[in-house]
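The first chain written gets the first letter, and so on, giving A, B, C and D; residue counts start at 1 in each chain.
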Amino acid sequence: MNYQKIIDETYVDILSSGNPGKVATYIPELGGVNPDQFGVHLITVNNENYSAGDSETPFSIQSIAKVFSLAMAYKHLGAKLWDRVDVEPSGNPFNSLVQLEHDEGIPRNPMINAGAIVICDILTTLLDEPKRDFLEFVRQLSGNNSINYDRNVAESEDATGFRNAALANFIRSFGNIKNDIDVVLDFYFHLCSLSMTCRELAETFVFLANNGRTLFGDRRVLTPSETKRINAIMLTCGFYDEAGEFTYRVGLPGKSGVGGGIAAVQPLSYSIAIWSPSLNAHGNSVRGFEFLERFTTRTGESIF
Amino acid sequence: MNYQKIIDETYVDILSSGNPGKVATYIPELGGVNPDQFGVHLITVNNENYSAGDSETPFSIQSIAKVFSLAMAYKHLGAKLWDRVDVEPSGNPFNSLVQLEHDEGIPRNPMINAGAIVICDILTTLLDEPKRDFLEFVRQLSGNNSINYDRNVAESEDATGFRNAALANFIRSFGNIKNDIDVVLDFYFHLCSLSMTCRELAETFVFLANNGRTLFGDRRVLTPSETKRINAIMLTCGFYDEAGEFTYRVGLPGKSGVGGGIAAVQPLSYSIAIWSPSLNAHGNSVRGFEFLERFTTRTGESIF
Amino acid sequence: MNYQKIIDETYVDILSSGNPGKVATYIPELGGVNPDQFGVHLITVNNENYSAGDSETPFSIQSIAKVFSLAMAYKHLGAKLWDRVDVEPSGNPFNSLVQLEHDEGIPRNPMINAGAIVICDILTTLLDEPKRDFLEFVRQLSGNNSINYDRNVAESEDATGFRNAALANFIRSFGNIKNDIDVVLDFYFHLCSLSMTCRELAETFVFLANNGRTLFGDRRVLTPSETKRINAIMLTCGFYDEAGEFTYRVGLPGKSGVGGGIAAVQPLSYSIAIWSPSLNAHGNSVRGFEFLERFTTRTGESIF
Amino acid sequence: MNYQKIIDETYVDILSSGNPGKVATYIPELGGVNPDQFGVHLITVNNENYSAGDSETPFSIQSIAKVFSLAMAYKHLGAKLWDRVDVEPSGNPFNSLVQLEHDEGIPRNPMINAGAIVICDILTTLLDEPKRDFLEFVRQLSGNNSINYDRNVAESEDATGFRNAALANFIRSFGNIKNDIDVVLDFYFHLCSLSMTCRELAETFVFLANNGRTLFGDRRVLTPSETKRINAIMLTCGFYDEAGEFTYRVGLPGKSGVGGGIAAVQPLSYSIAIWSPSLNAHGNSVRGFEFLERFTTRTGESIF
């Protein structure tokens, strides 16, 4: 497959289609980003690399980091993890709190905020220094020691911050958070502030296409079976209220973030990261989503 | 009307009916209370007093204090208050959070926790020293300087505490709390910890039967029209999910607390306080509710 | 009290305040009504009558009829009625279906559609010919044999009709409707189609101000205690999502309909009916609500 | 891959694991089924066949038929179909009605009852004789003219019937059902009553593993791209509130029914049907789910 050619053609197509949508504005650090930036990087499990556009510009990966915290907690706890968080899609976001009440404090999945906060609580219990140890884990996935948190992003206080504090206190009232809420939320806000380029994100993600082994240092992170399960969770839960639409139109396991990034994998073949900051009404990158739909149509590859 | 005779007869009736229900156990300070205590005090607008049973034993008035904080905020702000909190009954408690979302952070009424927390936020903005000034206000209502907070109750941390923190953060995310959440909640927990006897509670409440004037010192707290409106809110919203049932069976404006207290008024006539710690499934005093139903049936008085 | 003078002054005030709001348009029979019509009629328990404006023009009383069906079912069944329908306010209409699910098919109160449909089912079981017998009951309340259904209104099929069919089938799935759904709904649609003038409506309502006795023929419909309880239900549940607001601002038990009518009672004193078709966002008559607030302020009378 | 060996070993494993769960009892036709029946049939895209147990006993496929009605409607309308029904997972069933209200009558996906009823409405508009034409379509998929509705099942009236009537009326109130509700529901109840053996079900399903072509008569039903999309919808929405769990543990697109059947596909490889009537709390076959998890673990095949 000539990935570079297909990436280039698709990239040009998308560039010429306009750029509707809006940059996330709930924290100033995201609101000031130039919406017309657009980068792509694909890395195969054989370490072949293909890219286009602003693939070397760092951006805030936001919720995409939830995949890494999930992988780290799953590596430590295995299936016991599912006592604390479920693996079901969550339906409309408007009912997230009522659903938490119905489910007695067990979040629907680790990709929504409530679930990711519980994962942070679990890691806070397991790790000596959660922020340091988690960053180390991410650096080992990518073989890249320059990856870091963006402290300005982590420290932004806003409505979303209060919503997350509401979620954490609500979950705590059911006993499903064990550590100090401020510590857990500080970890969570740091996790979401990770900054990467498209290339770095694709490199960090590629272990999920590679049966759970990193390309860099060849470490086993997860077993092949565990890797499939993480991919399954991304497929059903990775795109907020558009998980079905993404699966329907793209057909790859992936995860998006409100910074405009999307990372996805074709199992046993490649990982791909796209970044374009303008978001649709569901909080997913307009160009990222569109790129992946056209790209998978052109390659004829999907998991289905 | 021979109130003493009717109180005595009703008291004996209720005593002989058994005492089903359960004491609130969510904080140790309430869980350890003897469930068989039972007191009544009625005070008329002419300062005639009638009582029965444990009417001189102090108890935790809990949510009944929300009436006093509402009165204080209403006295300061008048109808502007309703920009921050509504006056509608709230329906089932299970949907309180989803309703807050639907109503964009405006609580349904000042008698539910969400509304009382917003009132605390308003008073935090208005008062120099909220806890001190509010206590002074309550003491002036009753002409009784010995009324005080119970610090053990105020400091109890529990699941309910986390739920209230969840509510406060959620409301804050809509911008309807202006002050530091910890300060507002500390005030709220103190307010709910007020300790009074039945006599003291009836004395503090009687201004609502007296067109808004205290009996003690004859101070005007609210205008007659404002007083009617507070009474109207108690009638539609004073008994959690049993407000309709209480109105239907008793027919007086009133407010209950999970400490087992109920205070009610017959406008222009009297206020009455009952205390018995065993609660029904809706969190209202079993004997208090029953006493008031039989008492108003015997007197033939209700507002309808 | 010079009711005529106060009515006249209030009427003129309201006329000069503009007439915002919108006529209900969901069935053509209501949508075609002239929005500027405005009538008032007050009748005391001594049969003194006062009126203003279009008090002799017939209009569709719609949901106000739910009070009459409730009274009829309560007269037959007494407190057993509450096994089938509750007496609690319902909160926001948006959650009516989810609340029915939570409450296993028991509607929150007899003033919302779900509850009124259950009342119709109960009457269908109790009565030989429900539509005929219910009309007879209403005619006896008012001493007026010319009151009738408006068949055009009853037969209008629309979105509201499908919603009511959805409610009825949902309740039926919990076993809380016993008769054929089409029969029950046909009865319900007829009930809502009752046509009356303000004078006729006030005359029909006045038994609720008169301890449960009609003025015309002096029949006992309900005991004084039962009458108080119906009034209590109107107070907490009579104005959809504005029951608290109406109680707060007007302070009388009453019921509104989307035809623009409002009927209310001052117990032991009078009933009053106002009609003006323009509705506010909650489906209550703009001028009717405003008239009653100013009227009760001027008379200084309310139940509080 | 030696499918027969793996099927046999897995079958024996499951047989020895006990058979918890309960047969669906909401209609007598399902409640009377022997819970210990257990059949499996796998058919490859090369028409190789493997089976075990009661693979030739007919059972009620129930909701699995929703895949066939979706395929038929999609074949006729293409992407226009998505104006009437969405492709997102639905979250907890308890909020299905409130979600329909939020989404203004557009069901979340075609696999839940609300969505399948809208598909039936669409087919009612498109087809001359919906019940006859749909049956013909299913017979062509399988090359088997003996497949038929079970009229006893179709005619069972029960609580579920009233719930479906509630859904249909509710959707109709938003204008998203165009035909007579009784006609649409009659079609829907027939569709759910289809009776097949495991072999027949696997044969009918195999076009979804075969790029959209039937094995029998080699007809093109859907394009390869359309086929992938149907599979994507099954993956995210095929197992009620356990879609995430099934994807996580099995990793194949599939659909279950309350009759105890499950059908699934490994794209480009095979379709498999399992039947065992005992259901778990989510309404999915206990043994069917367990069989597929162990089977895919043994084969090492999944789409991830």
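Everything that follows uses one rule, which is that contacts are C-beta pairs under 8 Å (C-beta built on N, C-alpha and C of every residue); 3 or more make two chains touch, one makes a residue touch a chain.
Quick caveat: nothing in here was measured; it's all calculated off a predicted structure.
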| item | value |
| --- | --- |
| Length of the shortest touching-chain route, subunit A through to subunit C | 2 |
| Computed distance of Cα centres, subunit D from subunit C, in Å | 48 |
| Centre-to-centre distance between subunit D and subunit B (centres being mean Cα positions), rounded to whole Å | 55 |
| Between subunit A and subunit D, centroid-to-centroid distance (C-alpha), Å | 32 |
| In subunit B, residues with contacts to at least two other chains | 94-95, 98 |
| Topology of the chain contact graph, where touching chains are joined (line, ring, star, complete, other) | ring |
| Chains touching one another, given as label pairs in label order | A-B, A-D, B-C, C-D |
| Interface residues, subunit B side, partner subunit A - complex | 94-95, 97-98, 101, 159-160, 162-163, 165-170, 172-175 |
| Subunit C residues within the subunit B interface of the complex | 86-92, 94-95, 98-99, 102-103, 108-109, 225, 227-229, 231-233, 235-237, 241-245, 247-249, 251, 253, 267, 297, 302-304 |
